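Below you'll find the structure I mean.
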Amino acid sequence: MTATEGSPERKRGKDKKDWEPRIVGFLCKWCSYAGADLAGTSRLQYPPNIRIVRVPCSGRVNPLFVLKCLVNGIDGVLVSGCHIGDCHYSEGNFYARRRFVILKRLLEYLGIDPRRFQMSWISASEGDKWARVVKELVEEIKQAGPNTEFRKGI
Amino acid sequence: MKIGVFVCHCGTNIAATVDVERVSQEAAKEPRVKFSTTYRYMCSDPGQNLIKEAVKKHHLDRIVIASCSPSLHEKTFRKCAEKAGVNPYLMEMANIREHCSWVHQDRVEATAKAIELIRLALAKVSRNKPLEYLYIPIEKKVLIIGGGIAGIQSAIDIAFANYPAVILEREPSIGGRMARFDKTFPTLDCAACILTPKMVTVSQSKHVTMHTYSEIEGVKGHVGDFTVTIRKKARSVDINKCTGCGACYNKCPVRVPSEFDMGLGKRTAIYIPFPQAVPNVPVIDRQNCLWFTKQKCGICKKICPFEAIDYDMQDEIIEEKFGAIIVASGFTQFNHAVYGEYGYGKYKDAITGLHFERMANSSGPTGGKIIRPSDGKEARDVVFIQCVGSRDEQKGLSYCSRLCCMYTAKHALLLKEHNKDAQAYVFYIDIRAAGKNYEEFVKKVQDEYGAVYLRGRVSRIFEKSGKLIVRGADTLSGAQIEIKADLVVLATGLVAQPDAPGLARMLHIPYDRNNLFTEAHPKLAPVETITSGVFLTGACQSPKDIPDTVATASAASVKALGLMVQDRLQREPLVAKVDAKTCSGCFACIQACSFTAIEEEEIEDKRLKKKRLIAKVLEGVCTGCGNCTAVCRMSAIDLEGFSNRQIMEEIEAL
Amino acid sequence: MRYAYFPGCSLHSTAKEYDLSTKAVAGTLGIELIEIPEWICCGATPAHITMHLLSLALPVKNLLLAKKMDSYEVATCCAACFNRLKVANHFMENDSVHRDKVNEIIGEQYSGEVKVRHFLDILINVFWLKNLSERIIKRLDNLKVACYYGCLLTRPGEVTQFDDVEEPHLMDDLMKILGVEPVDWPYKTECCGASFSLTKTDIVLKLSGDILQMAYDEGAQAIVVACPLCQSNLDLRQAMINKKFKKNFDMPILYFTQLVGLALGIDPLKLGLNKHIVNPLKLIKSVGVL
Amino acid sequence: MKWFISHDTLRSLFQETLEKDCGEKVSHCYQCGKCSAGCPISFQMDYLPNQIMRMVQLGMEDQVLSSRTIWLCASCLTCTVRCPREIDIAEIMDYLRRRAYKKQVIPLEETEIPLFNKIFLRNIELFGRLYEMGLIGMFNLLSGEFFKDFSCAPKMFLKRKIGIFPHRAKNIREIRDIFKRSGKLAHSKKDRLLHPKLLFLNLFRKFIGKIEKLK
């Protein structure tokens, strides 16, 4: 299935004025996803640029997913898990942290704007933090501009 | 593949900001979508019926429901799918309420986002696989770690339901901290009078086995099938032969400070910790016994009429299987020696609450007299200091230990009862007496027993000419206070046992920064842990008084019994799976698994025509965190329900 | 062992005997103390009460002077100077906002690289007590003293990193080596009134009186101090305390360096023992040192 | 001396300003009173240290700045090292004093301490090191206690503990620059170091006191 073809939202990189960043968030279902839910229940407003992919734990997120997003032209990727020490699976986010620190360095080495990939730790009770993180993230990605790093010559 | 999309209005919750009709129309244009509709409340009975009928009419085999958060209604719609004849794991939800309509106001933007969220769900569901629930058998026996009042109550409850329980206790006798108390607040029941009958009940129950003087060495397995290694320390007395006559410890020549009496009294080298000990069998303290230190004496062996003394006894290591574990490992006292301003614990007459309990006990080391440990004189002016260690981020704990207010009030009352001339001065910050009859009790102590309550933390204690000078303040009057005290009782806070993190790691349960075990949910699952089959009770979780401890003990027992009465356990099938063809046997996944849920397995490789080792997931143990999938170089291990293909498809759909 | 020596204003006036005895002891033990040329006042309490930045800038100026001598360790005797130098160092090391501002004031770059040590610390932790005990000529047996540390030597613990905050023991350890018996008393870090010496003399008399009383009650024959302000409050004001509270204290207030000096066999006059208001010579004679 | 506070006081930004400027979290204070219990000077104070913390929390700026307590604090740090909430109370007292200087609110009873501090600093600005004779002389003159500690003076001279002449620093220009620039950065004018209002208040009060004694 190629659901992406012909979708009206795929107009990136053409007109800088209308450009809105597209961001993917990988959220662990125990803390960050629930925190995003709480932001909803508290009716906190944040920009609609983020699409959330629900995962059981930040440790589930394979670095390949992040790379795949960036290769596909997504402008920013966020991985968010429970606070360090509060992981539902006791140590999944430790693994995630270690993994993504390395990934971040690798991305930097590859010449990709480090702002495009970010991590955050948001608990189920931090709806406000979620809204804040998204707002800041969107701002930063806007500054970073459209992701063309993987599309040479366009 | 025929996918049905069901868009919920949620009253106006979604419909107000998202144009649901347009969303439904757009969804219908997506490939493989055979049917799309909207309804006011999809989770209601008519809504669910609508889904069932649509499945029947359009022969749908996959369902996407665009509504609220899956944390809320995933279970509802899975069941609904099952009833409609679709595998429950071929249903996905698009969260267009919490993540869309509630957080955005622009109708156009929100509608566009909702459409994309549905596209995401469609992408995922197209890669879903039908999954079957997992079932695991249950070993019908409960292990209770800790033999204090929490463990005792749990054992009684489980035995009452005719299921076997095993108590594991580190000390020679069960009873725990409560056995040391004199009276209990607010009713002033004698602690021994209410605890001893329970201890006897446990010892006489045919369903309860006690491993006293034993420690836990390791835990393997998962809910329904835990294998626990227990070290039964050498008691040097044969528990089957001994009748508890007491001849041995009456004749033992050694005298050392008694741990049970907080060092205020003495015990022998072969001893029972206290007269009501259960089991009533002595133990030899090998560090102090003359036979073990100097190869001399041996009187106990000579005198024992039942030949129960065995100097050559060795530690015994046993393995037992359990279906559930109740953790009742309790607490210990905060060590006030970190307070330099209170003399680094060097003043003999500055004691803790537990010392006071032993002194107030009429069968205790002082025969119920409140004395100064330094010179044995009766104490007249006694200062009680609350919040020692508690509510002090600088030197102690950030939390409130919850019972110190009450036990201090009780001590102030007991002081007056034991010595009419004595005067209690209580330094407090706030009095926290939220419990049945607690406030009334504190008031009684203040009004009828004349305890002087002073609001302020004590800044300094020092010794001068045999008295302890206590410098405090009363913030209510704005006065500095100096009291020449005979005795200072520090209401030390409750802290986790020093080996709590080790136990938590063994059981795979999380603990917080204070080393207290963390419950699965602070409100809705207060005695469960994230490791199914492991339950919490008592002060190992957070400071608790006796009523709360007993309540959680019974709660934990019910949870354990809930497992015991089942023939087998149903589990969500969202666990990791290994693809035997691609697994190279590097076992990086075993390293990454926090739950030891992956094992090595030998298979017959037909292509290579030889045997080789690959990883195997123990479905009962796997919690479905997916950490293993991220380390697998071959992508051979994958997580059902959140598989690589599902997530990749979602990414592609963006 | 070579140190840039920061005596501080008091040691050049009211506490001259502290300066004398420190130099005498250091000389005998072979610890080289080179006075920082053109050092200036550290600002003491008035500076940090009045202007926060000034209270950092003045000590930093001195530390920079020391740095220019190629000396990365400063020795000081005055507890107040020690405290101010340490606090300034702490800020310069850990607080970038203040560091930038102070560097702007001074016009030079400094980020806490010069280490500050109290002479007591040097004797005990650099020279080592054991080495010191081998150099002792006359043991000062039969002398019972109360070691008084005052507030500024140990507090705040994370800044001074000197000794235990509530129950310091370095001076007691030193006294034991000399044969002096330190009493275990609770007022080791109690406040003497310090900077209120001139402005709020009443407070000083009350607090210093309490300290003298406690030392007396615990059986001390003298009080040993490491701070010129404590010394002057207890020594100079002793007559006034006696008058006001109708007491008869005759308690010599000695610097620890003076007792070390005596044990090393240095002439009492070179240690400035004649400069005290309450005469200590009588007591010292009575224990048989002279 | 009892106050009435309105929502204007409670909503004032006193606590926020303080926390921002001196970095200490007064809001952490939960009023355990350990600071007051250990304070050696609290017998002279009008409000105990914990009360000052509370008043800051409630935004009572005028009352706090005009209190005697903030001037009587001896900066002995007993409160700071023992505070269970890790608040540097001594630093807050310092801050309050500095703020009081700026706002020129000094309680009538406690003019000596600010006066002394100013004379002390002026002394250093002039000589680089402390000139004790100058300090004592100036202080006695300006505070109106002309013969204070006169009895001590002969002893001190005899023991050569006080010099008659000041030290002359060679780098005096640098020192004055430090003073000037510190003042500039802290946004306080140099002339405030010795304020006539202060001097006048002090002398006036001493004078009244003497007259009342005579009566």
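In order of appearance the chains are A, B, C and D, and numbering begins at 1 in each one.
Please note the rule applied: a contact is a pair of C-beta atoms (placed from the backbone, for glycine too) under 8 Å apart; a residue touches a chain by one contact, two chains touch by 3 or more.
These numbers were taken from a predicted model, which means no experiment stands behind them.
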Inset, instruction - From the Cα centroids, identify the chain that ends up most central relative to all protein Cα atoms. - result: B
Inset, instruction - Please work out which of B-C and A-B is bridged by more C-beta pairs in contact, and write that pair. - result: A-B
Inset, instruction - Could you tell me the distance, in whole angstrom, between the mean C-alpha positions of chain B and chain D? - result: 53
Legend entry - Between chain A and chain B, centroid-to-centroid distance (C-alpha), Å: 34
Inset, instruction - Can you check how far apart chain A and chain C are, centre to centre, with Cα atoms defining each centre and the answer in Å? - result: 59
Legend entry - chain B residues counted as touching two or more neighbouring chains: 341, 460
Legend entry - Where chain D touches two or more other chains at once, by residue number: 43, 78
Inset, instruction - Among the residues of chain A, pick out those that touch two or more other chains and give their numbers. - result: none
Inset, instruction - If two chains touch, include that pair; go through all of them. - result: A-B, B-C, B-D, C-D
Inset, instruction - Sort out for me which residues of chain A touch chain B in the complex. - result: 1-4, 7, 9, 22, 24, 29, 33-34, 36-37, 39-41, 43-46, 48, 51-57, 59-63, 65, 68-69, 72, 74, 85-92, 95, 99, 131
Legend entry - chain D-facing residues of chain C, complex: 9-10, 12-16, 38-41, 43-54, 57-58, 61, 101, 104-107, 151-152, 155-157, 165-166, 189-191, 193-196, 198-203, 206-207, 236, 274-277
Inset, instruction - Could you pull out which chain D residues touch chain B in their complex? - result: 30-39, 42-43, 47-48, 50-51, 78, 82-86
Legend entry - Residues of chain D that touch chain C when the two form their complex: 40-41, 43-44, 72, 74-78, 80-81, 88, 94-95, 97-98, 101, 112-113, 115-118, 120-121, 124, 128-130, 132, 135-136, 139, 148-149, 152, 155-156, 159-163, 167, 169-171, 174-175, 177-179, 181-183, 185-186, 188
Legend entry - Interface residues, chain B side, partner chain D - complex: 341, 387, 391-396, 429, 455-460, 471-475, 478, 480-481
